[in-house]
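The structures considered in this document are given below.
Presented sequentially are two complexes of subunit A, the first with subunit B as partner and the second with subunit C.
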Partner chain A sequence: MLGLNKKDTSLLIVVAILALAAPFLLNPFPTNSAMAQFNAGYPDLMQRFVIFGIFAIGFNILFGLTGYLSFGHAAFLGVGSYAAVWMFKLLSYNVVPAIALSVVVAGIFSVLIGYVSLRRSGIYFSILTLAFAQMSFALAYSVLSNPKFNLTNGETGLQVYADDPQILHRDGLPDVPHLFGWAMRDNFLELKLGGWEFTFNNGYYLCALIMLVVFYLSIRLFRSPFGLMLRAVKSNQNRLNYTGLNPKPYTLAAFIISGMYAGLAGGLLAAMDPLAGAERMQWTASGEVVLMTILGGAGTLIGPVLGAGFIKYFENIFSKINDNVLHQWFAFMPDGMEDFMVFIVHPFVGKGWHLTLGILFMLVVTFLPGGLVEGGQRLLNVIRNRGRKPADPKDPEHHPKETPHVAE
Partner chain B sequence: MTKFTPTRRGVLKTGVAAGAGLALPTIFTSSAHAVTNEPTGSSVTLGFNVPQTGPYADEGADELRAYELAVEHLNGGGDGGMLNTFSSKVLDGTGIMGKKVEYVTGDTQTKSDAARASAKSMIEKDGAIMITGGSSSGVAIAVQGLCQEAGVIFMAGLTHSNDTTGKDRKANGFRHFFNGYMSGAALAPVLKNLYGDDRKAYHLTADYTWGWTQQESIAAATEALGWETVNNVLTPLASTDFSSYIAPVLNSGADVLVLNHYGGNMVNSLTNAVQFGLREKEVNGKNFEIVVPLFSRLMARGAGENIKNIVGSTNWHWSLQDEGSKAFVKSFGEKYGFPPSQAAHTCYVQTLLYADAVTRAGSFAPCDVAAALEGFEFDGLGNGKTLYRAEDHQCFKDVLVVKGKENPQSEFDLLEVVEVTPAAQVTYPPNHPMFGGDEASLGECNNGA
Partner chain C sequence: MDAILLQILNGLDKGSAYALIALGLTLIFGTLGVVNFAHGALFMLGAFCAVTLQRVLSASYEVIDETKVDFLGNPLKVKTPYVEGWFGPEVGGAIIDWAVPLSILIAIPFMIAVGFIMERGLIKHFYKRPHADQILVTFGLAIVLQEVIKYFFGANPIQTPPPDALLGVVNIGAPLSLELAYPIWRLVYFFFAIAIIGGVFSFLQFTTFGMVVRAGMADRETVGLLGIDIDRRFTIMFGLAAAVAGLAGVMYGPINPPNYHMGMDFLVLSFVVVVVGGMGSLPGAVLAGFLLGILESFASTTWATTTIPGINQIIIYLVAIIVLLTRPRGLMGRKGVMED
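So, the complex of A and B:
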């Protein structure tokens, strides 16, 4: 279907079902139960899941295929956001021109940065991209925001004001980002089933549909001759040079495509919440997408999306567990025991969520170098092989022969 | 890959369709709505969005303590604190309009993005009817904008920039704390008495909305005295070392250093300035002086010895002897073992003011609450007679000018009040040029979806 082989089609369908049914899947606990704390099915977080999924899919096109590790991808995300908010300020709150411009601007920006950075590879490439991103951050944070010339509005973040021109804005259109009058922040359906509440948000579904489209594009890209070429760059660039091929246009193209993905993600972020802050470009934000990709599984199709969801979940859910909540959880214990448990758990939740994430990241990288995707595959293998009689545990074609056990 | 061959007709068709789409008026209309997160059960949820990490983490921690105390008092726990001294008597310790007050917390990280994400999750997930907190004006302005769009009330915490109730004022946002203009107006006469009217000032300014407006205000106020502003250097909010900014001060010919810094920033820049021996210097035949326009006890504690005799302004100080302050210091001290900071005070007061406004309005709808707060005059909350001005949602009250104590009696007794500047002296018209001029407007209040 759609030029995909059977396996990829089923992957796309699975992702589509997951994305479209997310409001159900992410709200497994009834609203009034103690576990509701872990529900993630509210619009803001769901939007973040898919938007950062798009960001990570794009990053994976560069990192997963060519092996070039960019430490400055957040710059494109930030540029996309600023472009989108400027469209809101100048044209109208309609998200279509905003998102389109954010992709274009991020594309132009990545041509400039990519052209310079790709002159080097390996660690030098990473450092160059990091330097560019930090420069962009400094520009956005202070240089381009002063009372006389205010392009980015610095620390406060770029916002839309009532006295902005908005030349295409008409009465009757909502005063928030919208798609032809369909406000992004509104919910088109709020379902109450028993104790459960499910929210279907306009903005989320727009993001989810765009995510599916770009996910499909990324599958096509992975399976195309172009994708094969990028893999060749990763496996051995020297050999590619010797065969008479110039890898530079390929890597630059991959860099630009991935920059445009990041710009799209930035534009969507601004479309969901019309504010662009400079922190979006900081190196921590760039590092985050590297973490997402590695955590999920670099070079795999679905991995980056999983990684993005994983990290955003921790950031938004674990960081909100405060001592008050902990005391409620452990209220059934005797007093001393309760305080003790709160004392133990406290450093890992609330503002300590980074610690929990760090530990999990360490575990994943150590035991599942292929990321969450590898974990899933192993689990699947275990399930498939269970019940089936192991044919012959010893691999007959194993060479050289296994070393005998020391006791033999 | 499949080959994409556009035909002339195909391109035309797509173009027409796209044009028609863009030109189309509203296809989807949003349905009529009630109030966002209107509490229907037996409890009401407030969102406390404070910095738990970053340069203002100390202030954030103290704000959270104050909020917990306020919730306890609203629900009838503890000794009632300022409920007993508040001039409005509608709060009776049964929560807000009979609904028990519950709360959720979040970390703003002193970043606009993170603060908005955290506030959004409070509104969307936890059903918060009011958001309050913050210890940075950048964050306050960003979150205030969000609350305006979402249709909930925002009760600003510690935010001192003119912009919060100036050019960025919003109908759903309210500020109890004072601002940069008030600091300048209150400090100027005191500075004149202490240091004379012929001074050269060098400004170091935190590079964001608060720093800019604070610097603008204090420079205008001191220039009116006859002072000269030698230079103004902007420093990034995330800086932790200011040595490279201090060194040029020595050669600038300035004899006053104005530190438009707050929180951890100010502690570091003041420490650097003292290490460079600025305070022992004599320039132009006068002692070199350092001024910190916005002061707090937490900063004084962080800066230690260096704070002695340094002049600044503050919104409130625990050593005030009015009934409201005494009641608040007592219940805060009994719960936590030390006196509250000005950040804690403003957050506590804001929570009470919100609860009171809801009760007086008899409704949780933001527009009704806003109407109840606008033009509200009250007393007994520690600052004397106070007015919530309707035009810009800014509180007008006395401003304290303080200085670092020479001989502190305890680790909390670090500041002494030099002068209480009456509210009339710091009042300005709502369309003052530093506050956005005539263009600034609150907009329409929003009851939300």
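So, the complex of A and C:
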């Protein structure tokens, strides 16, 4: 289907079902039960799942295929957000021009940054992209927000004000980001079934549809001759050179494509919440997308989406846990024990989420370089092999025959 | 003339910090071939050594002073640091006053220990892994270290004043009959940095140990074949590099109050310094550190910032881009280092 082989088609269909049914799947607990805090089926978080999924899919095209580790991808995300908010300010709250411009601007940015950074490879490339991202952050945070030329509105962040031109704005249209009158923040359906509440958010479904489209594109890219060429860049650039091929245009194209994915994610972030701040460009944000990709499994199709969902989910859950919640959890223990457990866990939750993230980062890189996908495959292999009896150790093909005893 | 000299001087303190961190980075890279993204965190740990020592020294007990009363007539509680109680107010006061320079003494063993643990516990397992993995794992470690510090010391910068004797400003232009007012502590920092850089270079140049290390940097395998345990020496060099970063941090506290993210702020710039100086070149790292520090100080003048707003924030990156486009190996980089 759609030019995909059977396996990829089923993968795409599974992802599509998961994405479209997310409001159900992510809300397994009734609203007023104690477990409701583990629900993830509310619009804001679901939007972040798919938007960062798009970001990670794009990053994976560069890192997973070519092996070039960019440490400055958040810059494109930030640029995309700024472009989208400017479209809101100048034209109207319609998200179509905003998202289109954010992709285009991020693309132009990645041409500039990629052209310079890709002159070097390996560590140089990582450091160069990191330097570019920090430079963009400095530019957005202070340099481009002076009274003479205010492009980014500095610390406050760029937002839409009542006196902005918005030349295409009509009276009938909502005063929030919308798709031809279909406001992003509204829910088109709110279901109450027994104790459960399911919200179906316009913005989420727009993001999910876009995510499916770009996921499809990335599958096609992975399976294309171009994708094969990118893998060749990763495995051996010298050999590529000797066969008379120049790897530069291919890597640059991959860099631009992944920059445009990041710009798209930034545009969608702004479309869900019309605000763009410089902190989206900081090195921590770049590190986060690297972690998402690695955690899910770099170079795999589904990995980055899984990683993005995993990180965003646990970020959300961990940040919500405070000492009161902890005391509830450990209430079954004796008092001293309870306080001790709370004391132990406390640094890792709430504001300590970043500590957990850092530890997770180290553990994943050290023990599971292939990410969750590899972990899943290993687990699957273990389960499959358990039923089967292990290969006969006395297998005659792989073991030398026993030497006959001398006396015989 | 005065203004130019003053800007050069102003760039020296930041330049010294860049040079010291870049020196450590290059040492680790040259010996172990590892890119250490946690090096900024080591710089920050050094600064917090000073903070800790200062807190420990000023730990005090309360005594009720019967002779003084507050405005309600209650006897006043007077806080006395334990150190003053033990050594008398004069010696104790002096010890507290000199907390920052004194913390060098604890920072050296502490940072060397941290370096050893890091190398033996973590980085050792990453020699054969791709550079991307090394970057990622040290990046994770940097996040962990900085969050641990944030947990114990909070997110706000902590004031670490220099000793009273080194507070204030001195006119160092006096011999040349110029007006060059310059804070004493920055001068101390500059000479301290020069001493450390000189120490590291002469250690590598004039000792047998340094000679072996240099030989190992040039050809690790051959040195190993000669029956020398080069890995052990490289571990020691890692500890040394950690100590250099830590000492740079200890003495930087009075210039800029330490906070938990100072390491990362310096790390990104130090990487740029290393790249500009030339990957793997120790003199290049030091030279580029001072040059970029001075350049940044020139870009911070009112004249520069009014001509191009915010130039001081981005000048280093711009220079790095220009250098890489014209001299891809950096100022003093050699052929064949990190080419693949």
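Just a few scattered comments:
Basically, the second predicted complex is superposed on the first by the 362 of 408 C-alpha atoms of A that agree within 3 Å, B and C clash if a C-alpha of one lies under 4 Å from a C-alpha of the other, contacts with A are read in each partner's own complex, and residues count from 1 in each chain.
Note that in this section contacts are C-beta pairs under 8 Å (C-beta built on N, C-alpha and C of every residue); 3 or more make two chains touch, one makes a residue touch a chain.
Model, not experiment: these values are computed from the prediction.
When the two complexes are overlaid on their common chain A, residue A:174 makes contact with subunit B while staying clear of subunit C. In the overlay built on the shared chain, the residue A:294 is in contact with subunit C alone; subunit B does not reach it. Contacts of A:142 after superposition on the shared chain: both subunit B and subunit C are touched.
Of the two partner chains placed by the overlay, only subunit C lies in contact with A:358; subunit B stays clear of it. Taken together, the two structures place residues 142, 146 of subunit A in contact with subunit B in one case and with subunit C in the other. If you check the complex, the residues on subunit A that touch subunit C are 63, 67, 69, 71, 116, 119-124, 126-128, 130-132, 134-135, 138-139, 142-144, 146, 148-149, 283, 287, 290, 294, 347, 352, 354-355, 357-362, 365-366, 369.
Those residues of subunit C that touch subunit A in the complex are listed here as 35, 122, 125, 129-133, 135-137, 139-144, 147-148, 151, 264, 268, 271-272, 274-275, 279, 309-311, 313-314, 317-318, 320-321, 324-325, 328, 338, 340. Of all residues in subunit B, those touching subunit A in their complex are 1-2, 21-22, 24-30, 52-53, 68, 103-107, 111-114, 116-118, 120-121, 124-125, 136-138, 141-142, 145-146, 149-150, 163, 168, 207-209, 212, 234, 236-237, 439, 441, 443, 449. Here subunit A touches subunit B in the complex through residues 3, 39, 42-45, 48, 94, 96, 141-142, 146-147, 154-157, 159, 162-163, 170, 172-176, 179-183, 185-187, 199, 220, 224-225, 273, 275, 277, 279-280, 316, 319-320, 322, 324, 350-351, going by the rule given at the top.
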